[in-house]
Amino acid sequence: MQATSQKSFTIQGSSKTKTAIEKFMTVVFFVCGITAVAAVIGITVYMIIAGSPAIAKVGPLEFLFGSEWLPTATEPKFGILYFILTSIVGTLLAIVVGVPVSLLTAIFLSELAPPALYKVVRPAVELLAGIPSVIYGIIGAQLLVPLMSAFETAIFKDDPGHTFTGGANLLSAVLVLAVMILPTIVNVSETALRAVPREYKEASLALGASHIQTIFKVMLGAARSGIVTSIVLGIGRAIGEAMAIIMVAGNVANLPLPFNSVRFLTTAIVSDMSYAAAGLHRESLFGIGLVLFVFIMVINFFVNILLKGGSKKEKG
Amino acid sequence: MSEQKSAATILGRRPRVSDRVLKALIFLSAGITVLLLAGILIYILVRGFPNLSWEFLSTAPSTLKKRFGILPSIINTLYMIVITLVISTPIGVGAAIYLTEYAKQGRFIRLIEFTIETLAGIPSIIYGLFGAIFFGTLLQLGYSILSGAFTLTIMVLPLIIRTTEEALKTVPASYREGALGMGATKWYMIRTVILPSSLPGIITAVILSIGRIVGESAALLYTAGSVTNLPANWLTHPASSGATLTVQMYFAVSEGRYIEQGFGIALVLMVIVLLINGLTKVLAGRAGSKAKG
Amino acid sequence: GCASTPAAASSEAASSEAVSSEAVSSEAASSAAASSEAASSVDASSSEAASSEAVSSEAASSAAASSKAASSAAASSKAVSSVAASSKAAADVAAKGTGLTGKVTLTGSTSMQELMEAFIEDYKTVEPGVTVECQFVGSGPGITAVTEGKVDIGNASRALKTTESSTLKAHVVAIDGIAIALNPANKVSDLTLGQIASIYKGEVKNWKDVGGADAAIVVIGRDSASGTREAFESIVNVKDKCKYSQELTSTGAVQTAVASNANAIGYISLNAVNSKVKACKVGGAEATDANIIKGTYALSRPFVMATNSTKTLSAPAQAFLDYAMGAKGQAVVKSIGLISKK
Amino acid sequence: MGARPSFDSELETLNIELIRMAGLAEQAIRNSIAALTNRDKAMAVNVAEHDREIDEMEKTIETRCLKLLLRQQPVARDLRQISTALKMITDIERIGDQAADIAEILMNLKNDEPAKIARHIPEMARVASEMVYDSVTAFTNNDLEAAKAVIARDDVVDDLFCKVRSDLVELIGTTPNKIDEAIDVMMIAKYLERIGDHAVNICEWVEFYETGEYKNTKLL
Amino acid sequence: MGARPSFDSELETLNIELIRMAGLAEQAIRNSIAALTNRDKAMAVNVAEHDREIDEMEKTIETRCLKLLLRQQPVARDLRQISTALKMITDIERIGDQAADIAEILMNLKNDEPAKIARHIPEMARVASEMVYDSVTAFTNNDLEAAKAVIARDDVVDDLFCKVRSDLVELIGTTPNKIDEAIDVMMIAKYLERIGDHAVNICEWVEFYETGEYKNTKLL
Amino acid sequence: MSSISVKNLELYYGDNHALKSVSIEIEENKITALIGPSGCGKSTFLKTLNRMNDLVDGVKITGEVLIDGENLYDKRVDVTLLRKKIGMVFQKPNPFPMSIYDNVAYGPRIHGIKSKRQLDEIVKNSLIGAALYDEVKDRLHKSALSLSGGQQQRLCIARAMAVEPQVILMDEPTSALDPISTMKIEELMLTLKEKYTIVIVTHNMQQAARISDYTAFFLVGEMVEFGETEAIFSLPKDKRTEDYITGRFG
Amino acid sequence: MSSISVKNLELYYGDNHALKSVSIEIEENKITALIGPSGCGKSTFLKTLNRMNDLVDGVKITGEVLIDGENLYDKRVDVTLLRKKIGMVFQKPNPFPMSIYDNVAYGPRIHGIKSKRQLDEIVKNSLIGAALYDEVKDRLHKSALSLSGGQQQRLCIARAMAVEPQVILMDEPTSALDPISTMKIEELMLTLKEKYTIVIVTHNMQQAARISDYTAFFLVGEMVEFGETEAIFSLPKDKRTEDYITGRFG
């Protein structure tokens, strides 16, 4: 066939151009890698550099556990405890509200939906996952807040101590967040459920389990890693969200009670950033950013442990 | 063991209570979701549609004439998408290739991947602040589409890297072995086998990025700014400030002056997202089917 | 009212025909002014209805009349104008005509967004060679940016603080009344400054205590660093004592919130008041420009365009500032419902 | 067929070798009898030598069969073919041995005219060699009827053996000095009778090959 | 071991059956000779009947071997064991046949004292039956040395056969009326000699089983 | 412990006529092997026996499948009960991603057994029955995925046994295993048939010959030959069967 | 067309001593089979022959592998050329997701052949050599993934042949295939050995016995026995070999 290889040839020596291209591409990819890593490291370092001075100046304890946020007062106070609590509670509640509905919907889509319905609903879910969060904010402000206001008025009619929020409160924020994370969780966990090996389903059915039993006893477990990922993505989206909830949360530094106006870590940054003059006020916003960064890191860390621990349990 | 008796015959259906309850819950949830989805979509449609007009789509906004147009933001959005992708796709894909194909798998890689994952969850406002300082101030780009695109590049890089990495990891090891076993060099293998078969994944990454670019507001407020001018010079336009659709919508709505028009933009954005999603499927499907048959 | 807008003809963002025709005339500033004047004489709506050709030919002829240019030049200008000249050519000629090119950067108050957009739009007809870019990120960052020299002008919807005054020079371009916004359904329509203070401090929690219905008051304010809030709190003397139900990030948000809640009270720019909310009288004085100028209506604040006093402004920036403070600028101020300081 | 060409060609070779081996055995019988009738000692020696060849072939075929069993996991007809071959070669080898034994007897024979003593011997030899030939032909032709015919013919050989025996008893009675020769002839007859038996054995294996039954019992 | 218990137990059964079959054959020889020496016709009949049992066992073992080949894809020692068994049973069956033939001769024997005629026959029978016993024992014990010893002992049988032959030649010379009996005894001797040969064959297969070599040629 | 009688079974996947008038009697306490080239319908047939084909869209089945006289395709049949009675083991070992114990206890739990003592016993007995107990008794609560392929397959057999089926269907249960594990499973099947009726699909002719009592040969949806395994493998009646089992197909 | 001589090869995966002083002479134009229980190091050994182990992190290799006298692990060795000389076929058929033609042309293209005519010829000849040409000649430009498993594996063999290697390494090339495809591949190997030196890893003892000339038995990283296949399968010297090939291991 080839003229070149009539004779047995040596395996030593090599073509120069080939090696050159190979080396060049290695360098190219290395540079890409380095660039990406540099960007990643850069922003991490930036977060730390920009965020730590304020924390240092205010004092970490005061900053993290102070409950008063009075950045422009003559004697300014920079305590972000309420923001932290709100972020935690708000995200948790959104997860608690959103996850079951999302999961059950994912189950519906992957296992029970008639194909015709599936063909409509699935693209709709994908569409909602791609819609800018600002839109959720507007709809929340336009639709949900007035409803919530009516609700609030009805509940606290006779409670003189209550500070009326006009519907912009933790509950509204939680509901908006829950709706926002819904498409993400449905999408990812539906995919995960579909990826469950057919064998599991067959094995379970062959043992005489009903379809529903199979779903809840085997498939959910087998899709666990994907489902956890979807929830993590949901948490990520919820905890990092600002533009949507800033329109519905009321933005007052308060304890995260359902009918309180509340301010999240993210909304604290966004709302103050517009007005904060240079100085400690502005720096403290970066401090909040750093706290948020650490937050997400910690969540990711534990989720990784959870996932890895889980898969380790599966493997050994 | 038990149930010896019931095993005697296979006849007779016994509906299971727990099954029914669970099934009802599933249908309920699905119903809620579907209603919510439909509600949101219809709401946007109903409030947005009346605002749509040729003028709305084809003119710049004018305060003096109280006219609301979104052409500049459409153009700015396109600029933003193109510039961001042109920079981020090669770097992101290259980095993903480096991480999966070249770098020694170890603690360092895992650390980088962890950091990348963390960054993917960072609120975009933080990227905005970083971008404003790094690109705006340090690199003297000020408020400009370029500055915004660079910021978005950093923002979507983790997304592209992770998605591409996943796509690369799903390329069967057997392809690599096959190619290397033939005497292919690494780059040749990547070029001829790995990249083509992970193309659907890469396309997905790119399109997810487009989604993020289109939907982004916070990161752009402090970098690309809020100007809605038609480009005076197509070449130098990226150096000037420009609001994307989402940013324009944010301003329209947050200042309360153009809420209805905001819904108009929302509707436009929805259509764009729909197109993007459709495009993803077509492209990824085509790439996939090209690979398969 | 948009009818009174001057220079409405230029709303097509330097509509190429008009610009090119005026640019042909070699007399820079005056001829440009003349042509824009000529254009402004046409009613805004009709100018829009009229074909651009009509506008441009009129502009051309007026340019020809006011200049000593040869008729051949006029003819050629007509030729140019009839051929839809590219905006690039227009820009070139414009640059030749005015001698002013460059970029002016502004940043700052979101409350001043409408004003700035109107300025910029209008200024394009005045000085087409100059690009003006304004960001709306808030008074704070505006002041910071101009202090750091990052922008030519910083916008603030409040008076400069003494610390800031040392490096910055304030140009009060307009006065913005602060309206106490109530839901139109609210029975209350007049509050004293004291009552307002009590409400915001949380001492009065029910509308019936100030003559309204028996309903809890929803106290809406702005975020802690808003210029509007700064001005409001210092005038009403409730600084750092407010018990807000909501702290919203923009005027629009406050307006929306009040519009959608019958028991809400908020403060917004006077010019933002529309049919969805009503502006409450303060101490019997109606929130009108006249009352503000008279001083009977207490709640107002300045819109400041601050420049860095340690740096000399670039020519285009100076020109833009001059325009804003000048007659044409002030006309725009009035046209969008703000109070001209003059 | 055709999916296992290498296996098929091995089986073909096996068949060819079997035919060759059987041919050698048949030849040996005929040669030994020819040696007897023609008093050709050289030919007798030749028969003895050919026996070594048959022994070698037995080993070759044995090896081939075992290797096929080892490698090809034969089932059904293939397995029967190989196991039949394994069994048949024992008989063919014995046939060769017996021909050689006959030849050996001839070589040591003192008397000059054994032919007269054993008038039935050539007939026996003819029938026996024909039976051998026919049995192997039946195998290669998958001819069950032919095999049965061979089995039936064994009676002829047995009858002839009885005749030889009584001839001899008679002969010794009359000429006792020919005892030695008589016993030798008796042995030759016995060998030929055994050859007939072996041919029957081969046919019984052919039957097995065709039907799976050996002596009316299903083996597989 | 132990990973294929069902296969192992099948192989074990095969061994047991082989021993049993060989035992039957050995018994048949001894019985037939006892019948000869004791003039016990009943016992002779018994031997002929037992031969049928041996034939049955041959088929049983044959079947077992073929099934094992079919099912278990034996290799190495397993394959040798099974093919050895397949080969051995042919010899054992022949031994049984020969014992039966001896018994048959006895049943037809007219003379009363063949014992005297054939003084070496019991000795031959003893050696032959011992050889049969030893050969199978060598197989089951995997005892190559024992097998070789058996092969060596065949010379004893062959010598005895020669002795019987010359005795007979002598006898007929002196008492020609005993020709018939003499020929019968001659046949018995020949059968015993063949039994010795078969024992040798068995041992040669034992050798193959142990070494893979058959008559000094590597088969597998 | 049950015999199955299939009469004129026809199965269509849409237009694809996958089983053509198959009739077969599967005997109690015997191993019946299904052999045939790829795509001939072995798995399809096997799945009709516990109605796993119900999961496939567009399947059409006619004919009768009687188990102990009851028709599987009767409308009143509770598929759950049916599948409890007829267990199944698949080609690839498919233990659930849970502990060994939970895998085996899965079936009994599904069928309502809750008592820990009872479950313990079932798990133990099933594992003993599947010849796995000794190997795993110290790590019952470790993940089943940590077992080797052969152990996983035996676990799947134990899991199937735990619901006390009467019939066990196996679809190429050893084709993913190495020879040593295969041997172990085969040995196991031979002991299992004392308690269960076993139907096995296999590509391995020797395996069918080795362990099965009856063999059915399928070809493009038809059952060409059915009979005692020994007969099939020594003297098949049909030329196609012979060609297939001697490896001369096609 | 090349002989390989392995001397005292030691291989560590980190701390795992996967190959222990393996020495072996692989003859030209012969098929050498590697057998042994799972995890004994067969694949590892095979991969040392074309340095596919280079891809694994933390591998340490000592000893010599000489091919036609040149040491594979010499620093000057160009792995590309080496792998051109020593082709490899894997357990699972792994055609690239491209057309049949492109699959076969992949190797030649790597090695610089661009002429369409030349490529056409190579593709055709390789496919003929792999006994696949007739089955695919009408759809050379269809995706390779549309072929059946057996065809895919033959395609992989054709692909390996297209670069005109001298040695072909095969790692359980038929273990994922049905018996009929397996037979075809085995027959193919028998014809291939006239042109190539073949080394094959297999779990199937009969396959090793059937097609190989030499067999090496591995056990936990050691080469226990190496010799002519017939000798190994009839009279192995080592008890462990015998136990393994007779299925009595463990």
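By letter and in written order, the chains are A, B, C, D, E, F and G; residue numbering begins at 1 in each of them.
Rule of thumb we're sticking to: a residue touches a chain if its C-beta (ideal position, glycine included) is under 8 Å from a C-beta of that chain, and two chains touch if they have at least 3 such contacts.
These are the chains along with the protein names UniProt gives them: A = Phosphate transport system permease protein; B = Phosphate transport system permease protein PstA; D, E = Phosphate-specific transport system accessory protein PhoU; F, G = Phosphate ABC transporter ATP-binding protein, PhoT family.
In this text the structure is predicted, and so the values were computed from the model without any measurement.
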{"item": "Minimum number of chain-to-chain contact steps, chain C to chain F", "value": "2"}
{"item": "Interface with more contacting C-beta pairs, comparing A-F to A-C", "value": "A-C"}
{"item": "Distance-maximising chain from chain D - centres being C-alpha averages", "value": "C"}
{"item": "Reference chain F; chain at largest CA-centroid distance", "value": "C"}
{"item": "Mean-CA-position distance for chain G and chain D (Å)", "value": "49"}
{"item": "Mean-CA-position distance for chain G and chain B (Å)", "value": "45"}
{"item": "Whole-Å gap separating chain A and chain B, where each centre is the average of the chain's CA atoms", "value": "14"}
{"item": "Chain F: positions in contact with at least two other chains", "value": "80-82, 84, 111, 180, 183, 205-206, 209, 230, 233-234, 247, 249-250"}
{"item": "Interface hub residues of chain E, defined as touching at least two other chains", "value": "3-4, 66-67, 70, 73-75, 79, 220"}
{"item": "Where chain C touches two or more other chains, by residue", "value": "110, 137, 249, 253, 256"}
{"item": "Of all residues in chain C, those that touch chain B in their complex", "value": "2, 5, 8, 11, 13, 44, 48, 87-88, 91, 103, 105, 107, 110, 113-114, 117-118, 121-122, 131, 133-137, 150, 249-256, 272, 332, 335-336"}
{"item": "Contacting residues of chain A [partner chain B, same complex]", "value": "18, 21-22, 25-26, 28-33, 35-37, 39-44, 46-47, 50, 100-105, 107-109, 112-113, 121, 123-128, 130-135, 137-139, 142-143, 179, 182-183, 186, 210-213, 216, 235-236, 239-243, 247, 266, 269-270, 273, 286, 289, 292-293, 296-297, 299-301, 304"}
{"item": "Chain G contact footprint on chain E (complex, rising order)", "value": "1-4, 7-8, 73-80, 211-212, 220"}
{"item": "Touching residues on chain D, where the partner in the complex is chain G", "value": "3-6, 66-67, 70-73"}
{"item": "Touching residues on chain A, where the partner in the complex is chain C", "value": "69-74, 141-142, 145-146, 149, 153, 156, 160, 162-168, 246-247, 250-252, 261, 263, 270-278, 281-282"}
